[in-house]
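Chain nomenclature is as follows: A, B, C and D, assigned in order of appearance, with residue numbering initiated at 1 for each chain independently.
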Amino acid sequence: MKTTIRTAGGVAILDLKGKITIGEGDVALRENIEKLLEEGKKQIVLNLAKVSYMDSSGVGELVGTYTTVNNRGGKMKLLNLTEKIQDLLQITQLLTVFECFSDEEEAVASFS
Amino acid sequence: MKTTIRTAGGVAILDLKGKITIGEGDVALRENIEKLLEEGKKQIVLNLAKVSYMDSSGVGELVGTYTTVNNRGGKMKLLNLTEKIQDLLQITQLLTVFECFSDEEEAVASFS
Amino acid sequence: MGEDVSQSVEVVIANQFEMIDLVQSVLDDLTELVDFDEETVHWMGMAMREALNNAIKHGNKLDPKKHVRVTFDLFPETLEIKVLDEGDGFDTRTLPDPTEPANLLKPSGRGIFYMRKFMDRVDINARKGKGTEVHLVKTRPTAGA
Amino acid sequence: MGEDVSQSVEVVIANQFEMIDLVQSVLDDLTELVDFDEETVHWMGMAMREALNNAIKHGNKLDPKKHVRVTFDLFPETLEIKVLDEGDGFDTRTLPDPTEPANLLKPSGRGIFYMRKFMDRVDINARKGKGTEVHLVKTRPTAGA
């Protein structure tokens, strides 16, 4: 997985690209989130548009970072879920947990 | 393997596409050649431009059909060898056996 | 296709996550020989990868000297995949449901749940000293036709 | 990569030409983990396919109930592929040279010749009653570096 981090309206947007699976990407995501929190950036959007594959470990990692961000007084939201990722979250009833957007501006605006 | 047969200047040109390997294409080639010979078409060009893969059975099939055509008083020539097929024929010293062309008009003209 | 199981493949991999892609390739090639649609192949692949993840991590405990054996059998009615590790097994009766409110925010515990969603049958055979075998079954679309 | 053979894979296929692509996929995935260039991978694949063709056709005599076992071992210096059939073997000392004028127009007899051209070492172990094992060895480009 490759991550590009940018900022829009005070919100950190992580563009994730590639696989988030047990061998790949899961640790990288956690580390990136940790760094943002340490820098005091607590409004976070994960852009999943370019995530090609996710397994249960990847889903677990989303849940784990969501909890971490919450516990540190921040908020993490999801942007541009692919159909397959949407299915994965739906099946495990996580769509009710995550706030999801298909429009970046809306996602950013939702924090204010 | 897919074969399209067309005629140019009295010469039958077979455009071969796909694999010529032990499980695929080798028999089809032989049958097509047989049909042409039965129809009295004895000037034959095999266009290999779109042949993606050939193994020793495919090479053997080229040799076999070459001999068949010769024995029946015809001539079979090769057109547009890919680099890999050229290597295969080179290594087994078959480039000295086959007449090969990289220009279709030249190939057709060579029969007259 | 003949009456008996002629289209079967067995793959034994070293106990490493990097090897999973390779088993996926075998599944992809095998499903190309038959009649599953793309969507089905995708989710079946995911179920298999979950079983492989578990075999490598929970079963073989990441020991690189251990192996995972995967067998594919193409029967007239089903495609069956078996994933066998060299671990000590586990109690399949006490698996928590990841969709219960209390488990919703747990970072793990969704693998077997996904397998069951994406396959038509999942049998888990955990035999102490003989490793765990996860048996995944998908009915072929043309079965019975 | 560790000191010992951790990256090894074994594939057992039913005795059918259709299964060859699947073994090719395993080789492709395995070579992606290492340092061979595309050209080398192509010819290595061809050598392996020739060995598989022979195992299925000459060794197992197209019997769909027989199997071919392929093992891949990635050593620090080499990639080694073994192709084992259930046939009766043959006399490797009397193989005709396909480039001799008398053989040039023969429609067969080039498979082993190609294997030898494309691999760094080819050992053929034909043991009556135990099948034929073709052992293909390619040195890794970074070997010794």
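Methods note: a contact is a pair of C-beta atoms (placed from the backbone, for glycine too) under 8 Å apart; a residue touches a chain by one contact, two chains touch by 3 or more.
No experiment lies behind these values; they were computed from the predicted model shown.
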Subunit B to subunit C, fewest steps along touching chains: 2
Neighbouring chains common to subunit A and subunit D, by label: C
Mean-CA-position distance for subunit B and subunit A (Å): 56
Whole-Å gap separating subunit A and subunit C, where each centre is the average of the chain's CA atoms: 28
Subunit B residues counted as touching two or more neighbouring chains: none
Of all residues in subunit D, the ones touching two or more other chains: 18
Inter-chain touch pairs (all): A-C, B-D, C-D
Subunit A residues touching subunit C - in the complex, by the definition given at the top: 21-24, 55-57, 59-61, 63-64, 66-67, 84, 88, 91-94, 97
Contact footprint of subunit B on subunit D as seen in their complex: 17-18, 20, 42, 46, 49-50, 53, 57, 98-99, 104-111, 113-114, 117
Of all residues in subunit C, those that touch subunit D in their complex: 2, 4-14, 16, 18-19, 21-22, 25-26, 28-30, 33, 64-65
